[in-house]
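Both of the next two complexes hold chain A, though its partner changes from chain B to chain C.
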Partner chain A sequence: MKPKKISYMERRMSRQYLLLVLPGFIIFTIGLIVPLFMAVRYSFTDWDGMSAEKIFVGIQNYIDLFHDSEFRDAWWFTLKFTIGNTIIQNVVALLFAVALDSGIKAQKIYRTIFFIPCLISALVVGFVWLKMFSNVLPAINDFLGTSINFLLFGKKETVLSGLLIANNWQWIGYWMLIYLAGLQSVPAELYEAAKIDGAGPVKRFINVTIPMLAPAITICVVGITTGSLKVYDLLVSSTKGGPGRASTSMIYQTYTTAINGRKYGYGCAMSVTLVLVLLLVALIQVKGLKKREVQA
Partner chain B sequence: MLGRKKKEDMASVQPYTKGTLAVQAVMTVAAVFFIAPLFIILNYSLKGKKELYLSSPLSLPESFNLENYVKAYKKLDLATTFTNTLVYTVVSVLILAILCGTTAWAIARCKRKFFKFCYVYFIVGILIPYQALFLPIYMIGYRMNMTNTRFGIIFMYVATGISFGVFLMNSFMSTVPLELEESARIDGCSVFKTYFKVVLPLLKPAMATLVIMQSFQIWNDYLLASLYVSKKQLKTLTVAIHSLFSAQSSDYTTAMAAIVISVLPIAVLFLSLQKYFIKGMTVGAVKG
Partner chain C sequence: MKRKKVIGLMMAAVMAVSLAACGGAGNSSNNAGGASSNTADGEDANDSGDVDEGDTGAGSGDTAASDAGSEAADAGNSEGEEVTLTVLAGQSTTDAGIEDMIDEALAEKYPEITLEWECVDWGNDFQPKMQQYMQSGLPDIMIGKAQDVATYAPQGILGEIDTQYLDKGLDAARENVTIDGKTYGLVYNALYQGVYYNKAMFAENNWEVPKTQDDLNKIIEDCKAKGITPFASHMVDTWSIGNVTMQFMMNDVFNKDAAWGDKFRAGEVSFSEDKDAQTAYEYNKLIFDNTYPETFSTEQTDCDAKMVQGEAAMKVSGSWSIQNFLDIDEGFEFGIFPFPNQAGDSKLIFEPNITIMTSAASEHPDAVNKVLDLLTSDKELAVEILDYTKTASMLKDVTPTFPNPSQEDIDRYAAEDMIVDVTLGNNQLVWGGFQEENAKDIAAWLQGDASFEDCLKASDDRVDSSSAN
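Let's look at the complex of A and B:
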């Protein structure tokens, strides 16, 4: 009699738990998982977004992508942007966090100043830096009598560094805060023990700080990479993918191909490649970084 | 934690050494670089049209005129766009707060296979940002007649925000003592009652974190809003600002005033609730 009663109770409870999960589950499925499958399905058609007919073309879209130089350029830009961001943002954010944690005065004021830019929409950040490069910084030339070229968005060769400056300005403070929280959770005893063992500041940083920061590093590296791979808003208001097509990111390219160029099927194939890359990168990074965490 | 406190106290009474002085100087230069664009925005937003062409961008405005703000108010159709953005943000975040709390709790407590699967299922949403799927997200919205409706955009903000929310709330669940829940159940509470009476009150700090993190994302979103709303009376602030940028690229004093208007609410929210914000960002970043 008794076990039966428990299982009845359990079943009732899990039914109630299910009711709690279902609404979110359904919304998430319709809003993100179904689109994911739609992207895969439509990527095998040549749909133009309007006609009722969607002709199945097999993997033709993917073969075309392989020969599409615009698609290759978009990936090349996105990769350069992502690698640049991941390196610069991680290193600078970590250095800033260490500097703020080193016992300087007014730590909180610095923290707030560095953080504020990330509260601003990327769309706005793009516009602000457009004006910074074209109008504000050249005024410094007049002021100092120098002739530094600040028009970074105007040339193919410099547009990437201009965008890196804008993006890093926006996000360094955000990742710095995560590193700072990580640093502050390192017990002071560990440092003292290392000191007693005769470790210098550099050795303490490499052997104590970095291993203790491993979870923070995982979050920052994965976050910055995925954040950079999806860059779009920043470009809309600043370079519009130019000059030429020098700063066209993957999403920007998908947008112009699919929505402006009415090639939905082809655009879906682009989306699928981006999703695959995102998943692959996340898997590799989490696996690689987690391994280090365990060893630490 | 205790050891940490001691270290901070020591730092505040320590006199400058050569090293800390240098660090302080370098960080001050960096801070100036970070704050300069903000200062430029504010500065421009107060300048007259004439000053824009005649004086240096670095000079202060001759007089405080709020003309640009009045112009930005009209050009942005601020009464409408501001209300729209506020409604989308508040409603989406409220729904997210309710759903993420219940979902994360059920996943944490029920040991059945389906719930374990749900956890992994939601994590997929963190690995694939919605921007990567913007095209099919637009297509499904179009098909289900959800574009150009308030319901549609709120639905999508909830759908795209839920995985982060569930992950965040899930990481707070260990702070809810199981004994409390069990005693509530012995008292005859149903699962729902246990959640709302016992668990939810304990989740308040987590909820605050969730609300802040999501509000600032939704408030600043451009791509989804630009895809889902084209009707004038449904437009959001960022979409209106974008058209202002294109229309006013030479007279950008108005655009700068618009920027100040759009950033202000979120900046005030952040400065008053900084603690929760930081907590939300650092979930999982701290060992132990």
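Let's look at the complex of A and C:
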């Protein structure tokens, strides 16, 4: 078989594409790839982050991780936070999107109101909800004479719920917009055909809307999962990983271990495990969800 | 196609220019970055920077300062040469804002020097920033706490402070910032730590300042009987747990054995076995059991407000609370006493706070010295800073003018030699990576998430992180 001849034009186009990609590629390499490899390298040392000495310790840091209860607790909290967020944000965002797509009045106003929180920094969101739970809502309690426990950040049993409320409040509007865009791109003929076939609203939603939204679901699920696995800034301004260590996420634990604890090598080992988990989760989700995607 | 090519090349060029511009900005913001060591220059500057003590001593404040400044200026860079110094300021909650005061005074005295400030929270961000700069080049000036000297000086990165500036400070300020006979920090002000109490409430209930645990427990019981919350606290801030624990450790552990931390690292003592250390941890439970149920949701400002509003009788804290107390109610009458220990001989805690350190590799040692000159000789500036931060002076002949209701108590403890420098404890058991991590375990124990034994064991397991070096 004769190999395909690459034309002069194609070669020129390739060079142009390469030229355009190059700046981004350089930034990506310097800002992400190089630090990643450096982190892997440091994870095999006992470096404290300050001294010039970096003694090679092999896989000792990784072995120590398995015996580290704080590391396990941080993973457990991160997993609970991720699962909670992924379920709540997807379901509620989809419901909001369906509601807004149903032709209700003042749709644009609702859309804007739901979207605004995601424009705010997570640090501010954490601070806002700390104030809400500790000052504003208890004051409303006093005003109404009720005794609802709003001090969610103050107890290890309730801190996860408080953080889920804060995080979902911030991000539901964002994911809702993605679902809304997906809903608006579903051809009306499909619904009409389903109607003619006798499908009710629930069946139409399950058999038409959901399959047609599969690409949006992939984006939302992967985005929410990876975002939740990386939670840090929300915690800094609200619970500071507490009470005790009850809301210490993996990133928070990695940061305090590597920087404050002056165990840079050990912290790098933690971050390497996080990167591996992030890659694995994203890969599984994308592969799994892609299979369910259909074309209109 | 030609048009596409031109557009493509233009876009690439724009991105390249943007990148170059970003890089340029980064470089200009950090003069110290990548500077090679020029210790010789620094030494020259120190040698040539002698200032006649007669000129800088007591006198008419600004005039004397001005004279000293002029001489320092003569010894330094050629006049009029504009210099930008980078400053990393690790600030306590009380310190935010002093940079503007310093800038203003500097513009008047040394207009050729500009300070480029990077102000961060000392507790959370100073150490990470220092670690970052140790890789890329230190800022010319660093402002931290006295305990930072023990962490960074052994790395050989801090410059020695010239005696002409140190001599303007109190002798007591030097001890914990001097390593192997060389002083690497200029201590500017100090905080006091102990139990702040509502004087009016104490008088109304005929409570005497407690000296023993029994005395304290009697007050707590009386508080409860009268529906008063004994202690205001804000345990949502884990640092506050760490802070009070060190106060307890100072009086029950370090006052007995100043080398307890060294023995801990040598395996001679441990938290799991040492009764005194355990007692220090257990005091946290005493506070927790006698404070608001919402302490893990209460921030410092709200906590201080409750104290001022008479909702609580006492608060284990430090001078940083005074700013809030007086902001909320200028007329609030409060005093301070050391948290009673088991032996009944507790001392009031003293903490050197703002500590100025310099880079050994600064490219502008003369300009750095001018800044030190300004800070140590401009008494008006010093009083302004002390009044603003509500702290005590560590400079000779400088006294803050803000009304401090607790000063009477401080003076009494000072007269009785019942004050101890907490830098001893902070050098024995460092804050970052040890005290602050232990505080999280204490919080977990108070929340019922861990046993007391687990909490002690976690501190023991952290022994490798207990020393800065």
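In this text, the second predicted complex is superposed on the first by the 273 of 296 C-alpha atoms of A that agree within 3 Å, B and C clash if a C-alpha of one lies under 4 Å from a C-alpha of the other, contacts with A are read in each partner's own complex, and residues count from 1 in each chain.
FYI, a residue touches a chain if its C-beta (ideal position, glycine included) is under 8 Å from a C-beta of that chain, and two chains touch if they have at least 3 such contacts.
Predicted model only: the values in this text are computed from it and were never measured.
Peer 1: In the superposed arrangement, does A:135 touch chain B (first), chain C (second), both or neither?
Peer 2: Once the two structures are laid over each other on A, A:135 reaches both partners.
Peer 1: Would you mind checking which one, chain B or chain C, touches more residues on chain A?
Peer 2: The partner with more contacted residues on chain A is B.
Peer 1: According to the stated criteria, A:282 is in contact with first (chain B), second (chain C), both, or neither; which is it?
Peer 2: first
Peer 1: Once the structures are superposed on A, label A:261 by its partner contacts, choosing first (chain B), second (chain C), both or neither.
Peer 2: In the superposed model, A:261 contacts chain C only, not chain B.
Peer 1: Pick one for A:244: touches chain B only (first), chain C only (second), both, or neither.
Peer 2: A:244 sits against chain C, while chain B stays out of touch.
Peer 1: Applying the document's definition of touch, where does A:23 land relative to chain B and chain C: first, second, both, or neither?
Peer 2: both
Peer 1: Examine A:87 and indicate which partner it touches, taking first as chain B and second as chain C; both and neither are also allowed.
Peer 2: The answer is neither, since A:87 touches no partner chain.
Peer 1: With the two complexes superposed on chain A, say which partner A:154 touches: chain B (first), chain C (second), both, or neither.
Peer 2: Only chain C; A:154 stays clear of chain B.
Peer 1: If you lay the two complexes on top of each other, which residues of chain A touch chain B in one and chain C in the other?
Peer 2: Common interface on chain A, chain B vs chain C: 16, 19-20, 23-24, 27, 49, 135, 236, 259, 264.
Peer 1: For chain C, which residues are in contact with chain A within the complex?
Peer 2: Where chain C meets chain A, its residues are 1, 4-5, 8-9, 11-12, 15-16, 19, 124, 127-128, 130-131, 134, 155, 235-238, 294-299, 302, 432-433, 436-437, 440-441, 443-450, 465.
Peer 1: Residues of chain A touching chain B in their complex?
Peer 2: 13-14, 16-21, 23-25, 27-28, 30-36, 38-39, 42, 49, 96, 99-100, 102-105, 109-110, 112-117, 119-124, 127-129, 131-132, 135-136, 139-140, 142-143, 169, 173-174, 177-178, 181-182, 184-185, 187-189, 212, 214-216, 219-220, 226-227, 229-230, 232-233, 236-237, 251, 254-255, 258-259, 264, 267-268, 271, 274-275, 278-279, 282
Peer 1: With touch defined as at the start, can you tell me which chain B residues reach chain A in the complex?
Peer 2: On the chain B side, the touching residues are 3-4, 6-7, 10-12, 14, 19-20, 23-24, 26-27, 30-31, 33-35, 37-38, 40-41, 44, 56-58, 99-100, 102-103, 105-107, 109-110, 112, 114-115, 118, 121-122, 124-125, 127-140, 155-156, 158-160, 162-163, 166, 190-192, 195, 216, 219-223, 238, 241-242, 245, 252, 255, 259, 262-263, 266-267, 270-271, 274, 278, 281-282, 284-288.
Peer 1: Would you tell me which residues of chain A are touching chain C in their complex?
Peer 2: These residues of chain A touch chain C: 9, 12, 16, 19-20, 22-24, 26-27, 49-51, 130, 133-135, 138, 151, 153-156, 236, 239-246, 248, 256, 259-264.
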